[in-house]
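What follows is a set of structures to go through.
The same chain A turns up in both complexes below, where it pairs with chain B and then with chain C.
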Partner chain A sequence: MAPMPKVHDHVLLTLSCLGFAGVVSGGFMDLAQNRLAKGSAYSLFQAPAFEAAAAMAGLCGLALLSFPRRPKLRSFTTILAAALILWGSCAGAGHFAAFLMQTAPPAARVSLGPAFWILAITAILAIADAVQRGNFGFFARLFIGAAFCAGFFLMAGTGSFDHLSLAREFSNNRGIFATELLHHLGLVGAAVFIALMIGMPLTVLVLRKKAMTGFVFAGLGILQTIPSIALFGVLIAPMTKLSEELPFLRAIGINGTGPAPAVVALTLYSLLPLVRGFYTGFSEVAFEVKDAATAIGFGARQMFIEVELPLALPALLSGMRVVTIQAIGLASVAALIGAGGLGTFIFQGIGQYALDLVLVGAIPVILLALLTNFFFEMLLGLARRKL
Partner chain B sequence: MGADRRSLIAALLRLARQPGPWLTVLLLAAMFLMPKAEPLMRWLFPGDPRPVYTRASFFELTLAHAELVAISSLAAAAIGIGVGIFVTRECGREFAAMAGAIAAMAQTFPPVAVLALTIPVLGYGAAPAIAALCLYAIFPIIAATVTGIEAVPATVRDAAMGMGFAPRDVLWRIELPLAFPFILAGLRNAVIINIGTAAIGSAAGALSLGSPIIEGLSASNPAYVLEGASIVALLAMAVDRGFAWLEDFTRPGGPEQPG
Partner chain C sequence: MIELRNVSKSFGAVPAVADFSLKIESGAFFVLAGPSGCGKSTVLRMINALIFPDKGQIEVRGQDVRTMEPEKLRRGIGYVIQSAGLFPHWTVADNILAVPRLLKWSPPECAARLDALVGLLRVDPALLNRYPRQLSGGQQQRIGVARALAADPDIVLMDEPFAALDPVSRLVLQDELRGIHARSGKTIVFVTHDMDEAVRLATGMAVMNGGLLIQAGSPASILLAPVDDFVRDFLGAESLQLRLLDLVPVRTLMKPGKKGATETIAAGASLKNALNLMLACRRSSLGVADESGARLGEIHLNDIVARRDGG
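Here is the complex of A and B:
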């Protein structure tokens, strides 16, 4: 009797089990007669055969790939299998939606079900794991990411997803979407910029006067614990009063609700991580290095530009990264006080029970955060390599 | 007698300098005395016919809020610490890279977005809010547990093994106690974020301190917003102080002496 083959990769086996469990347990698509009606679920096995078979083949591939011994081979083929799952479930969903909509009334909606999301998560995790274990370089990672994005946009561009309710919500709001996205970025940009303008002198103060350190950090720490919705809410009343008292503030558009209190709150939240990053960056430049620079005749300005700034750069960038990602998330809460931004779709969707509209807001917010993280990671890599 | 009184006064003064007890007193006062604050609200917001939120008492709201946060955080702690222990064992080592990558990625997700993603899947009300909060809190706790256990010096572990500790004893008597401060810090972070996100959960129908805020915002009633916001802010600050006290209290060598 042949010996039982040995499992070499338990992670892949677990992932494929997750995928199978998702396919068996949940609905792949959900067809509702209108926005408010409760939908009926359709499983992957009822989906168009070709795409469903591709997704299942990818899942089986993942399970089989946990057996071979060579890790490099496993990494490459895992990515291929995951691509098959992703393509199968995305194309399958689009094709299935078009098929279901042929016989359904025009107000009907086809949404993605839990099985779809579980399959997508399985594939993305498999890719992330393969990339990490295969020890791919920066450009290989960039290439893989770009290839998947290109594939997705190609499918979206050729209208594969047009019958999905998510795509319909998106195209219904296409015009507003661009405005709200810009609005969101504007809020984040303004807050980070003002926080930088306040944070830099504050860091200098904290570095010069050690007695202030505890006080400043304690104060900013307390600010950080206040929930965002509470800070937004608390700011409304005083800012309304302020704009009533001072007409010139009202003239430049500063009100109790809207973007002004949002930017104030986001700025306050940004101060702690920013000042902490700057403080660690500059206070960790070793005395020996500064002494050596002074000894070879560096002046104060030259010391700052050529010694302190480059050495503190990684800590500064990490501070900026935390602040920007945090602001992207918090800015979506600001929609509640009428500041606009992508949160508008989230809360509008929740209010109107339009769950796909929620996703039109939530998915771009997550993508923005991930993209920002990737961007700063790249900058950090560059800054560290220079040292 | 005189010395007694003096030490009592000294103790009171020490207490007065700590913000924790003050915040707790303020929180309790705000919770129970808010209905009595009607004249204040009337003065702050003239022309508002009903300036105090009465749909539910603030005590009820705070209790519901605390329940959301406590259930979700406890579940997240159980899962997060469990996963953290698993990936640092011999049998789970293979999963460590993936757990680390997922935890790092998940922590860049905004909490509101996580809340928004659970609504289409699970619907409206308290249960989806608890699921979303739990899901969000798991990842910082996994990260903290792994960091804490990996920070245990190999020499300490070796010494324990040399003394004849079984792997289970190494975990319970060496690794977990040494990792505890890290885990507590991760939990603190998660709980504070959850207090804020639970308030936003009211937008999706969960009863919490966010309910007066959301209602006040949609009905342009700034008094409700102020009432809900001030209590939820006090709650977050008081809980944060509580965790700071706990961190201080469980520090090896006992709490730091003030002054």
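Here is the complex of A and C:
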């Protein structure tokens, strides 16, 4: 009997097992008679043969790639195999949907089933892991990301997905999608900006007055533990009262519902991670370095600009990253109090039991969070280069 | 040059320095020695106004430090600390030029000064574009000394600068510092708890304990006549005679003589070095040579043993 080959990449093996399990156990497509009806599942093995075979080949490739010894080669080929899975499942899903719709009534909907999502997640995780382990530089990462985006938009642009329910929900809402996206970004931007304006003086306070540290962090900690829907709700009453008492506030659009309480709530949530990140950043600048700077004649302002700020910068950026990503997620909930944003689609979708409409809101939120993370990773890389 | 008069300083209820008076002459290599927590660093930090005394007066170059702008005073005084305290986000060159840039020297002046310092401290020019974390402890401290000397201050304060270094790097840097002091005539105030280091470097020294000045004078005078048991113990009572030998160069006991001993020692080396070499090669006499290696004479064990103290 031949000896068992040694597994060199356990992550890949686990991922490919997950992919196989998804393909075998779950439906790849789901055909329903109309938008709200419950559908019947079709497995990947019933999909158009060419694309399904490509996806399966990619999956087998991932499993086999856990054996080679050389990591650099493994990273590169893993990305190719994962691209094959992504292309096979996306193109396969579009092609399959068109095929199913030929014989179905016009009101019928074809949704993506769990097997599709498991395959997509498997492929994306494999790519993320390969990029991480392959130690790819910034431009290589950017190129890989851009290549996958370009591929996706090319397929969408040529109508590959037109028969999928998700694409139809999207095109039904195409008009307001851009508005809600901008709204979402506006909420996040305003909240992060105001949190910075409040957080910076608060950081100075806790750094200067050690006695205040416990008090400030306890207060911000309590804010952080209030569940988000509750905080949005609790703010409605005082904000309504405020706008009734002060007409000029009402005049600039501040009301009990809508964007104003949403921005207030998002700001309050942002304060703890922001101030904690900033506080850690500044208090971890080594004492000897500050002492030496003072001793050779740095003034307070020069010390801050030339020593403390650059040395604390990675921690400051990390704090900003946490806060921004958190706000992107929480802003979805703000739709509940009429603040708009991508959450609008999510809650409409839940209300109508139209899960593909939920995805029209949820997928862009996830992508925004990932993009923000990438952006801050890039800035952090620049800031850390010298440390 | 530097004068402290009846200076006292407490941190909370803990007195750090009590009624301390000291005068440090221009051009001295002055060592403040004493055990940990004796207040020697506090004294040093009061000279460049990092700490202000509760009572008493401190004058630097004849001017009360309280009347001076602290940043301006500090830019005119070099400062080296134990851990070097280099800026981790600046290259070695930028670290060295920190003070000249604070003083707004022009780029050509900075470049010329950097060249001079690289020569003076024998810094490997390849290090200039590296970051401090890429340097060894000895290299970092060498850069720390270069930074302190960068704006050519007439006073340099050093707070246990070599305490964390390995013995070889420490000896090399001590020698170079002594050389720089001898050539430049700067006033150096140097804090250490290491008696060997104190005796090797000092032209004048003060021994402190519990915030008080116990004894001040030349190293030889303190070694020959410790005022009390504390100073005697701190100097290392059992090796006091050996430390004294460290202060005397071989040349003082050299006798003419051309033959005999095959091992030779430099005329400028200390009697302690000579004794060490005799023990190492099991001989009772050594040849003495000048820097070029030319034979000057010889030195005998009997003369070292029979020597009358006098420094």
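Just so we're on the same page, the second predicted complex is superposed on the first by the 371 of 387 C-alpha atoms of A that agree within 3 Å, B and C clash if a C-alpha of one lies under 4 Å from a C-alpha of the other, contacts with A are read in each partner's own complex, and residues count from 1 in each chain.
Everything that follows uses one rule, which is that a contact is a pair of C-beta atoms (placed from the backbone, for glycine too) under 8 Å apart; a residue touches a chain by one contact, two chains touch by 3 or more.
Just so you know, these numbers come straight off a predicted model, no measurement behind them.
Of the two partner chains placed by superposition, only chain C is touched by A:L311; chain B is not.
In the overlay built on the shared chain, the residue A:L80 is in contact with neither chain B nor chain C.
Of the two partners chain B and chain C, more chain A residues are in touch with B. Once the two complexes are overlaid on the shared chain, A:M378 sits clear of chain B and of chain C alike. Once chain A of one complex is fitted onto chain A of the other, the partner contacts of A:V365 are limited to chain B, with no touch recorded for chain C. Using the contact criterion defined above for the overlaid structures, shared-chain residue A:A295 touches chain C, although it does not reach chain B.
Looking at the shared chain after the overlay, A:V204 reaches neither chain B nor chain C.
Touching of chain A by both chain B and chain C, each in its own complex, is seen for no residue at all. Contacts from chain A toward chain C in the complex involve residues 286, 288-289, 291-299, 302, 307, 310-311, 386-387. Residue ranges of chain C in contact with chain A, taken from their complex: 45, 48, 50, 71-75, 78-79, 81, 83-89, 98-99, 102, 131, 147-148, 157.
Against chain B, in their complex, chain A makes its touches with residues 9-11, 14, 111, 114, 117, 125, 128-129, 132-133, 222, 225-234, 236-237, 240, 256, 325, 328-330, 332-333, 336-337, 343, 346-347, 349-351, 355-356, 358-359, 361-362, 365-366, 369-370, 372-373.
Contact residues of chain B toward chain A in the complex are 44-45, 94-95, 97-98, 101-102, 105, 108-113, 116-117, 119-121, 192, 195-197, 199-200, 203-204, 210, 213-214, 216-217, 222, 225-226, 228-230, 232-233, 236-237, 240.
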